[in-house]
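Each of the next two complexes has subunit A plus one other chain: subunit B in the first, subunit C in the second.
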Partner chain A sequence: MGARKIEEYLEVEAQDIPSKVSEITSKGYQHLVTITGLDEGENIGLIYHFSKPSGETIHIKTSVKKHGSLPSIVDVIRGAYIYEMEVHDMFGIIFDNNQWMKYKLLLPDCYPLDEPPPLWKEADPDKIRKKLYEATSAACTLTEPISGTSMFSPESVVVPFGPYHPALKEPEHFRLVVEGERIVQAIPRIGFVHRGIEKAAERRSFLRDIFLLERICGICSMHHSWTFVEAVEKLLGLEIDKRAVYIRTLVAELERIHSHSLWLGLVGYWMGFETMFMWVWSIRENIMDLLELIAGNRVHKSIVTIGGVRRDVSDEKLGRIKEKVASFEKRFTEVMDDILTLDEFIARTSGIGKYNLDTARKLCVVGPPRRAVGDGYDIRKIEPYGAYEEVDYSVITDMGGDVYSLVKVRMLEILESTRIIQQIIEKMPSGNPVPKRAFMGTVPKGEAYARTEAPRGELFYYVSADNKHNPSRVKVRTPTLANITLAAEALKGQTLSDVPLVITMIDPCFSCMDRVLVIDRSSKSSRVLDERYFRRIRRKGGIR
Partner chain B sequence: MAEKLGKIGRKSIWLFHFNASGCNGCDIEFAASVTSRYDLERFGIQLVPSPRHADVLVVTGAVNRLTRDSLKMIYDQIPEPKVVIALGSCACSGGIFNGCYNVAGGVDKVIPVDIYIPGCPPKPDAIVEALAKLAGILEKKKKNLKGEKNGSKKD
Partner chain C sequence: MIGIDVLFTSLVFPGLLFSVAMAFWFQYLERKIVARIQRRIGPLYTGPHGLFQPLYDFLKMLFKEEIIPENTDKLYYRIAPVLAVVIPIYGMALIPIICYKCALNFEGDFLFTLFLFSLSVFTTAIAGYAVYSPYSSVGVGRLIVQYSIYESFLALSLAIAALQTSIIDFSGLLQYQTIHGPLVFYQPIGFVVAIIALIAKLEKPPFDLPHAKQEIVAGWMTEYSGRGLAFLKLSKDLSMVWGISLISTVYLGGPLGPLFPEAGPVGLLWFAIKCLAISLVIIFVRAVSGRTRVYGLAERLWARVIPLVVLQFIIAVLVRWYM
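Our next item is the complex of A and B:
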């Protein structure tokens, strides 16, 4: 369900794309999932994937000559510019009136001009690598004057932030235009973690791709393999053993807990609250133990395979997991109650990085940042996959739209995940979840997409097969790419000292996305739930 | 193990962590090894925000074209004697990303590496063990450095 075969397209001429897109959005398909590029020989095919907030999807297809151009849709959907930049980098297509076309998003600036863009079929990775590493020009020109400098006052200064900065755990570069302490504009440059995985995936077999795609990200690794496998299973028309589905869901929820608590620790760290960092990370270790118990590895679980899972989880282990998750829940509730009611914490986080629902929708934001402004956009609910239809849980939302409400949303989601895990273990069906042998065959011609709710938000995969052992195209749209536009927007109006906190707000995973860009925001703050609220429910015995 | 770790206790070792296009897996395990359960700090090992204060450079990831230049620059900023640790399979050899167009394929293609910690990602235990081996290497490098200096004076 979270995955579907793509049977039909809305075929449109390239010139008519903007008008068609505005027609589609007025019909309710307001969420642009991503733009997929395809090499079709002479032409480049472009698929615009749209989704309704209720889950229905529609796919618009058009094609453009190689090195050709087509009109941009940024006027209709503001968040589209990042996807257009990505297609521009990977396929060399120009989107007219997208002001960011002259910048590179993912590739180094010294990408050889005489080689085709990397995702063309004729592009040879070895040749490109050789030329890239021989190039003497700078890989990243950071001093380049920013576009439209005249729009800023003469007092404005550009402060470079990153790529390597004590306040960033991963390499990322931001050019911050500041007037005094205030940030006027933030211009990101990503690509420091770009490895060329989509290209590599086309050259490996479906089975090997699972392990490759898993290593897109070390934090939501299981969601990557799961989403890919969901799409491939749809192409194959496979029915999956129920127990396998339950085990996948179990591991996915454990991963959500580990990812969210990791983020919580980091938030504490960036705001100078190191006790919180150590505290949360120490109870997170219990979840890491459980992942190791199930999969044999703490980080890259490699549990999912085509047709099932790679290991069964014995009932005895399930009992232990249940016990440990229950004790985790107890300890975590204590931590949560203490942190959310701490005056210093509230003062440091509420009103920081303010944004509203309208901005979030226009930028096609996904995951917790969207839920923190009151939009319950959760793939688990709107397009259920795995065992999510059979368990009872609620989608956490909040109205604040700042760092504080994001902390709250993610903390409550952790508790919700522990509830899901308890139910899954209780309802765990018997069966044979491990396929007799690993999938080594070919996949029939067709295209499928899959989406799941990764810890950071909606994760989207498009897989196309052509009766071969390897996919002809794998497209990954990670949640951080969709959300990084929000981080850049939320930075506007903030002070320099809040930069790490605001960037961390969206739970960025640069290895996932390796892509970013800009924003505007007034900085009036409002808080919906105050500490009195939490004290009150704490007295009532816990938060749910 | 405890003896080995006792040795490094004599001088605190300061680490600088560099993510050269890693997938975050090694990075979170490395971060886990400085938090309460594994607690590297009890051996005096500490993360520092500036390479100029560091004795050891810990590199994760397969090194892509954009991070290569920064890696070289940061390596040069670390004072002698310096030790480089390649953390994880990607940093050791390029790992699963070998053959990708934007990947150099291992830290040793760019800067000299002293300790390799394989694993995808290595467990915090492995990281602690590798750091235990560090004391000897740092000691040796220091001696060599002194020898070189004395040698040049005689000339």
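Our next item is the complex of A and C:
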């Protein structure tokens, strides 16, 4: 259910979008999943994916002339502004009355004006890259000052935060408008590590896309490949072996534990509590060992393939996993009790980055940040996929809506995951999960979406195929992109010294958001990873 | 005319050599214990159980390249690390470790130590401000805020010790404690407050704001490298040795114990045991706490600690009255 073929659209004229959207939201479809852009030759097609909090989707489709404009839906759904910015960057569509249209989100500021936007079919990556290299001598990341504009009082000052800052592990940039120590407005700017994955996915075969998309994120890599494969399997109409489904679910839950405990350690680190960091990461190491035992790899598991999994897990290994997960659960409970009752920890985290349920809903927040204000929005529960229908677990919610309750939610989710793993291993059916041959064929014409509950929240994929070996469009909406609006919102009213903690709150994975662009500015040896590059490495024996 | 015993006191025991050795020992202890609490191994390879790792690190850093940033006040940049090392060693030489009187003693050396304490903070401030860098200036800013908070009750609690005994030199303090027993029995609150202040002075968690690496890189010592950094790091460990020795002398009676002063060197043993106990407390607190927020600092320290000091003051006056 987490994935489905898109059979029908609600076709709407571009001018009627806001009224149609408010009609839809009043019917209960309040969650805007994302806005997908499609290059349809003359026009740009826009698909608005909506979902009910209880899990039904509806897709509105409209089309706009290239370089055209249409009304924005920010007034109806506040969180839409980030998706509109993305579409604006990638397809050159202008959304009227979206006040952020003049800022770029993903593209560099020196993107050549005479070139088409990067996701148009006629955009030539090599040409754009060449022009960008000539332009990089100009400052690419400097942004126009926004103090003194009508939006803020003249006393406000803009403090740049990032992209290179000792508190950040990934390059991202926040423009913090401050009055004194207090932040009045925070404007996110991402796109510093774009690799052009969505564009690259259109040029590769489906099988190779799995490995490409897996590399969007190092932490939730398995969820990316799984979500993509779910969508492709719906297009192909494949039935999957039961054991393969169970193995996928097992790896996904191990990944959730590993991702959440990584975040917990980092929270300890940001607040200067290094012992917590060391404790949590040392027990996380057990889970990493298990992932290595199952897949042979610690980070990029590469376990999912179209039609099943790439490796079976023997019953003897399953026994060992069960044992280790049980001992992990015991040690983790001890650490959890220690941390959650520590006065200092409570003083440092509770009340920081406060937000409420209404804000979370308006901004279309997903994952733990949404559950930390009492909304049980969990794709595993509302649209069960994998083996989640057959195991017993509960969705963790909390009412706090601050860093402390997010820590609590994620910790309890780890314990729920250990419960799921135990049940999966007990119920593991026998069968042959590994398909005889890797999928090399064509995929019939059609469109499908898939969504899964990645550790950071709802992960959304839209795949469209056209009787070819490669997809005609792959759209990825990572959970961090949905949640970044919350981080920007929660920063308002905080002091500068709490900035790292509030940004970490959503478990940001900035590099995951950056994936659509066609250039890599970071290395001088201009190389988007293309086919020839991989062939050459393979010949040298770099990749086996 | 400088006597040979004065030279010995200042250069070997308990001056330069002894305090540097103790500094490395405490650093080793801290690294090893914190590592064990954090479920790591800690120093292991250099020397037995990694005992010589701090010494090795220090020597290695001496030979590293030193980078001096532009717009640096070179004089202060050079002098500050040296001063930072000299002051704790000088302070150490005043503390009686194996006898009632050390060779450098004079009337009022206990009060003089308080002055040296403030001076050592001054040297770190110089070290930070010598360089033109935002991280070091924010670090020094935080350092001074923190100093103004902890210094008040560190000085107060030590002054209360002097008040009860009516004595301002170390040998007198030791003699008082020989007769009446260790001061910690009369001033337990003052003892605890002094340890809290010492943790703040040593910039250890939860008071490691001046060099919070997640926020301001390495704070006031961000721009130091090579020799300068080696000396600054050494000076922090020396301060730890010095502060712990001071507290153990004032409150726990330093070398006092059975068989003292008949068998002189046995005093060193008692002294070492007391210092070890205090250092273990400090290391444990350091390992299990996170950093305080800048805004919480004054509230946590002043609002909670100053009333305790006042209480201790009243007790000390009463004790003095009836004894």
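Please note the rule applied: the second predicted complex is superposed on the first by the 499 of 544 C-alpha atoms of A that agree within 3 Å, B and C clash if a C-alpha of one lies under 4 Å from a C-alpha of the other, contacts with A are read in each partner's own complex, and residues count from 1 in each chain.
Operating definition for what follows: a contact is a pair of C-beta atoms (placed from the backbone, for glycine too) under 8 Å apart; a residue touches a chain by one contact, two chains touch by 3 or more.
The structure displayed is predicted, hence computed values, not measured ones.
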* May I ask you to decide whether A:S282 touches subunit B, subunit C, both, or neither, giving the answer as first, second, both or neither? => both
* Asked: Which partner does A:L254 reach: the first (subunit B), the second (subunit C), both, or neither?
  -> neither
* To do: Would you check which partner chain A:H300 touches, where first means subunit B only, second means subunit C only, and both and neither mean what they say?
  => first
* Contact breadth on subunit A, by residue count: subunit C or subunit B -> B
* Asked: For A:P163, is the partner it touches subunit B (first), subunit C (second), both, or none of the two (neither)?
  -> first
* Is A:A200 contacted by the first partner subunit B, the second partner subunit C, both or neither? -> first
* Asked: Taking the superposition as given, does A:S497 touch the first partner, subunit B, the second, subunit C, both, or neither?
  -> second
* Between subunit B (first) and subunit C (second), which does A:I44 come into contact with in this model arrangement: first, second, both, or neither? -> neither
* Kindly classify A:M271 by the partners it touches after superposition: subunit B alone (first), subunit C alone (second), both, or neither? => second
* On subunit A, positions contacted by subunit B and by subunit C -> 166, 278, 282
* Footprint of subunit C on subunit A - complex, ascending -> 166-167, 268-276, 278-279, 282, 344-345, 347-348, 495, 497-498, 500
* To do: Going by the contact rule at the top, pick out the subunit C residues touching subunit A in the complex.
  => 34, 37-40, 205-206, 208, 212-217, 287-296
* Structure fact -> The subunit B residues in contact with subunit A across the complex are 18-29, 31-32, 35-37, 49-50, 61-62, 64-70, 74, 95-97, 99-104, 120-121, 123
* To do: Flag every residue of subunit A that touches subunit B in the complex, lowest number first.
  => 107-108, 110, 118, 123, 125-126, 128-129, 132-133, 138-140, 163-164, 166, 169-171, 191-197, 199-200, 203, 211-212, 215-219, 221, 262, 265, 277-278, 281-282, 285, 288, 297-300, 509, 511
